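Below, each structure is written out as structure tokens.
What follows is a pair of complexes built around subunit A, which joins subunit B in one and subunit C in the other.
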Partner chain A sequence: MNAPPALEIQDLTTCFDTHDGVAVAVDGMSYSVGRQETLGIVGESGCGKSVTALSALRLIPTPPGRIAGGRVLLEGRDLLRLSEAEMRQVRGNAISMIFQDPMTSLNPVLTIGQQIAEIGMLHQGLSRKAALDRAAEMLRTVHIADQRRRLEEYPHQLSGGMRQRVMIAIALTCMPKVLIADEPTTALDVTIQAQILDLLNELQEKTGTAIVMITHDLAVVSEMAQRVVVMYAGQKIEEAPVDALFEAPLHPYTCGLLAASPRFAEGRAEDGRRVPLAEIPGTVPRLTAPPPGCRFAPRCPLAEDRCRAERPALSEHRPGHWAACWHAGEMPVAAHHA
Partner chain B sequence: MSGAAAAPTELAFSRRRRRLRFASRHLTILVGGTLLVLLIALALAAPAITPYDPIALDVTHRLRPPNAQHWFGTDNYGRDILSRTLYGGRISLFVGIAAALASSVTGTAIGLAAGVFRWADAALMRVMDGLMAIPSILLAVAMMTLVRPGVLIVIVAITIPEVPRVARLVRSVVLVIREQTYVQAATSIGTRLPRLLLHHILPNTLTPIIVQATYVCASAVLLEAYLGFLGVGIPPEIPSWGNIISDGRTYVQLAIWIVLFPGAFLGLMVVAINMLGDGVRDLLDQRLASRF
Partner chain C sequence: MPETVAAAPLLVVDRLSKHYIVGRHLFGGGGMALRAVDGISFHIGRGETFGLVGESGCGKSTAGKAILRLTEPTAGTVRLDGVEITALSRRPLHQQRRNMQAIFQDPYASLNPKMTAAAIVNEPFINYRLHSPRERAERVAALFARVGLRPDQMQRYPHEFSGGQRQRLGIARALALEPKLVIGDEPVSALDLSVQAQVINLMVRLQEELDLSYLFIAHDLAVVRHISDRIGVMYMGRIVEMAAAETVFATPAHPYTRMLLASVPSAGARRGSRRRPVLRGEPPSPLAPPAGCPFHPRCPDAVARCRAEVPLLRQVGGGHLAACHLAGGDAVDATSGARATG
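Up next is the complex of A and B:
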């Protein structure tokens, strides 16, 4: 029998009650990530990537948010059925999260040592002293030198990259089964980005943690992930092994994303002229009143009446490659590999 | 070599320059702090350094102007104004510090609760608005007629109207802090609510609380004097600054020194506390300080 995946999200729906009505931020989202695997979640800002992750940890502020349905299985155990006290045992212990901006995710008035030690004291029942020893060990793991001095320092004495290393140290202290990294490199400059990604890869090999890598940077996904989920307006619209996604994207939105990113839209036409980056016209639909059919239809170059009326279901077009589109694979791939 | 020889002097030089820079940048804190420490020292040492008993009558030396025996002169009962002023400082300081502490602690607790528990917010804040509408002098007069006047009642009367100010301040800071990523990050590792409140949120609110507390302290010192002057404060037999000034107002044309000296001390004390508060605010809020 196969072991259950480290984290499996099934048909998760999260709503926010707003003055304009109910906004369905995550609509029937499903994905799973196995041990030692990295799953990339990509999509524009506001498409529900982070809300899905926060829902999995039950960190959605309620009200206005609420999880309206679905299951979040951590090695087969449904987290949505746990009591708040049981859930606290999961957070930071079995699932950890790294946030986007390392400048604001550390408390400015507490020392680095206090902040790393806290998790050891919470989940491993360590004494203050033992937790600080463990903290120093974790700093060594994330390649921060001079650990004892760093433990005494405050966040403002550290650079952005260092702070993200500290966040990773906190997240990995308890050897979690799943690490959710919410845009972990977006706020860092490029050389530091590469270091942080290398570090995450290295630590994953050591600990076997499953990583959910949330990002809007396709380059990060191509480097880190084995599989990719593309989200649009709260729904999964495509899922594929990373190579398949970059070589033969099926959904017009994915094609648009690739054409819009500098690294993948190879920049020159045959006569040597620069090809400008393609943008996807329009904006993400309002989540309080999404279009009745395919949510991407209003911005899609291939859209026809059927797309506007009927929502396409997710279907497997090639082994392991799923897409929700009436015209999957019809978008000319040449456009973004010209 | 020459570099090695120069190094220690350079080091000493830069250290001295750093100190000078600190002093010039934080002049308010230095002046206010020194003045306050001096006033506190005088008040604390009053029993040891005052030449006379502050309530001993000496009818043969009534209404004497300042002289070698009585530096600040005497009042209409021949009591030594210097002794009374220094003893009065003890009461003023006690009232000021007690009111600042009491209103800070209560206000912080209420502000934290209102900021974190959204369901309690509306109710708590409306009660606070209600309290804010009561003038402290009116409250003090009402309380004095209900219960036996005493130092404690004065402190309570001064504290109650200050609590909502602190509560509002703390609430507004908490509303900002609770949305910060580091609070979410703390929650995401399974931190419990009490620890989140006391360990992660409260320390971030301390700067404005400390600054506010100094202002409360200054206004409490002043208010105690008002109440004494109006005859609804500390019982008249206790020499507080308000009481001394109140006693002396009848003789102000004959013996201005009775009101002059405690008045001057009162002014100095309020200025010193306010300067310290301003200085502390600049020191703790580096962004604001670096602009000047």
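Up next is the complex of A and C:
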């Protein structure tokens, strides 16, 4: 733990100006991920998991958005202090990102070859020919057969799974220190998803790239990550090693998510009757007017006056297992996956 | 249940097909048949939920539309409560549609943005000229309560609702005409987990209260398993396996089902400990389906017969059907690909 982590986000805050006022989409977010490690970031729509990543890459449109504070350290170097020109040298090079829908990330009028080769020419100073050779090599790396023909094709000629492989090839061309994968398999069928997740694991073993895996899918995280961060309404509410999170979650929101998931909940009673899924009542708060105190309090079965008044700080309840809750660990966890 | 009338299934789908002709020239000629749905048969009992699962393009949504005759089937019959839906002309079909309603993945796309929530739920009464204005208002209020919407939300517009509330609104509208069958096409796929659980529980509760039958079409195996009594697995337009939900998950008989189940990430499989026979490759083009079993190019067990002969759906156990030459008997170790869950 002497070398700095591959990526360390410290106290990051990102705001957006909206018609209803200032929305604090990311509120004092911190996490770090080391070489060869996969960190899972989970949470529901609007919790700030993607905005955190986009802020780290300085891809937040300004206005309406702005990074209001914090540091983003890539191997110790604060990306928020770089000039835009310096930042362009970093993106796609030392840190890469892949998104849910590769079709919107790929340029529809350029061939696959042009799009992968561009990276090598831009960041590695390769000649056109060398960059195309490198592109073919990258396609082989992501297990796309018949590489030379594929290089000549356009994105629409590929299937969804194939396009995501191309995006991974582009992202990994420069052997980045950090790969941020934002819902990389959400749009894919489950059999293709399995192939892509396996591919990411395989490539990480080869290159040591740190992976930040952003997803709403708890099962994906359980299978991919070593550590997991749970976000709610712009804040980190729990962080734990993956087994601890699934076996002994501390925050009532995490407990609720696991019990609400048909994948983890016990669906049938002994007599075969269907057991209702646990519900988390209500909806997420508006970020322009978050509740004072704990942001989960209005939906929390354990909430009391203190929770509604005073924001709980993150504290370490067990080694490496952090939660921001006045009643951490008090939520009875259903035997959701014996 | 013992009485024959009660035991007769509500919905009987018999060799239903929907073929599209694609690539035809402007004046006819040319063209290839895309067999989106290729002769599927199943039934749904009263108060029962039948789940139809499969990956994108397998034909599950087209099957739902063909049953509702939102798209005209190419062949086959659909009977609802003894009435042959596929034989009806327009007006009687309109009347029968009262008995089968649909809810869709994106309620926002299926709710008129210029109508208030109350008007949306009231619209079916207007369409069918049912009830007095006073009774309509009472029924709308009752439907709001039934799906867990508040009376003060009646005068709001769809954009003022969250995703989960919009789906509740879609369900209220679907229930207005007191249908016997509700076809849900990915009704909870767009919802966040905590809200998804609310809507699933609501659907289960409404089924118990109203004795509804559901055709639940979805790609999420865990959701389908939770809500369904029986499940049909579709691949390239056909049902390749059909059984009680727990049977499909515990002892899948078709190699495609086994691989589908093995592909699902699960908490049981920690990093590196995966024992997944990952499904290699992608489905072939539906325009050029392979000869024989449509799954044989991706099937690890395929033998010569699979490349030549289309396997028919046949009994491999009590109430358990599979379309695989090798399924059943001792030919297949049904547990080899299944992931132990729970």
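Criterion: the second predicted complex is superposed on the first by the 331 of 338 C-alpha atoms of A that agree within 3 Å, B and C clash if a C-alpha of one lies under 4 Å from a C-alpha of the other, contacts with A are read in each partner's own complex, and residues count from 1 in each chain.
Note that a residue touches a chain if its C-beta (ideal position, glycine included) is under 8 Å from a C-beta of that chain, and two chains touch if they have at least 3 such contacts.
Bear in mind the structure is a predicted one, so any value in this text is a computation, not a measurement.
Novice: Following superposition onto subunit A, is the placement of subunit B relative to subunit C best described as a clash or a fit?
Specialist: fit
Novice: Who does A:P276 touch here: subunit B (first), subunit C (second), both, or neither?
Specialist: second
Novice: Would you sort A:D198 into first (subunit B), second (subunit C), both or neither based on which partner it touches?
Specialist: After superposing on A, A:D198 lies in contact with subunit C but is clear of subunit B.
Novice: Mind working out whether A:D243 is in touch with subunit B, subunit C, both or neither, as first, second, both or neither?
Specialist: After superposition on chain A, A:D243 lies in contact with subunit C alone.
Novice: First (subunit B), second (subunit C), both or neither: which does A:H123 touch?
Specialist: In the superposed model, A:H123 contacts subunit B only, not subunit C.
Novice: Quick check on the superposed pair: does A:S315 touch subunit B, subunit C, both, or neither? Answer first, second, both or neither.
Specialist: Neither subunit B nor subunit C is touched by A:S315.
Novice: Which partner does A:T18 reach: the first (subunit B), the second (subunit C), both, or neither?
Specialist: Touch partners of A:T18: none, neither subunit B nor subunit C.
Novice: Of the two partners subunit B and subunit C, which one touches more residues belonging to subunit A?
Specialist: Touching more of subunit A: C.
Novice: Can you work out, in whole Å, how close the C-alpha atoms of subunit B and subunit C get once everything is superposed?
Specialist: Once the two complexes are overlaid, subunit B and subunit C approach no closer than 5 Å between C-alpha atoms.
Novice: Going by the contact rule set out above, which residues of subunit A touch subunit B in the complex?
Specialist: Contact set of subunit A toward subunit B: 57, 59, 88-93, 96-97, 99-101, 104-110, 118-119, 122-123, 167, 170-171.
Novice: Show which residues of subunit C lie in contact with subunit A when the two form their complex.
Specialist: Contacts found on subunit C: 55-56, 162, 164, 192-198, 200-201, 204-205, 219-223, 225-227, 246, 259-260, 262-272, 274, 276, 278-280, 282, 341-342.
Novice: Which bits of subunit B are touching subunit A when the two form their complex?
Specialist: Touch list, subunit B to subunit A: 180-192, 199-200, 203-204, 206.
Novice: Which of the residues in subunit A come into contact with subunit C in the complex?
Specialist: Residues of subunit A touching subunit C: 38, 44-45, 159, 161-162, 189-195, 197-198, 201, 216-220, 222-226, 242-243, 246, 256-257, 260-268, 274, 276-281, 283, 337-338.
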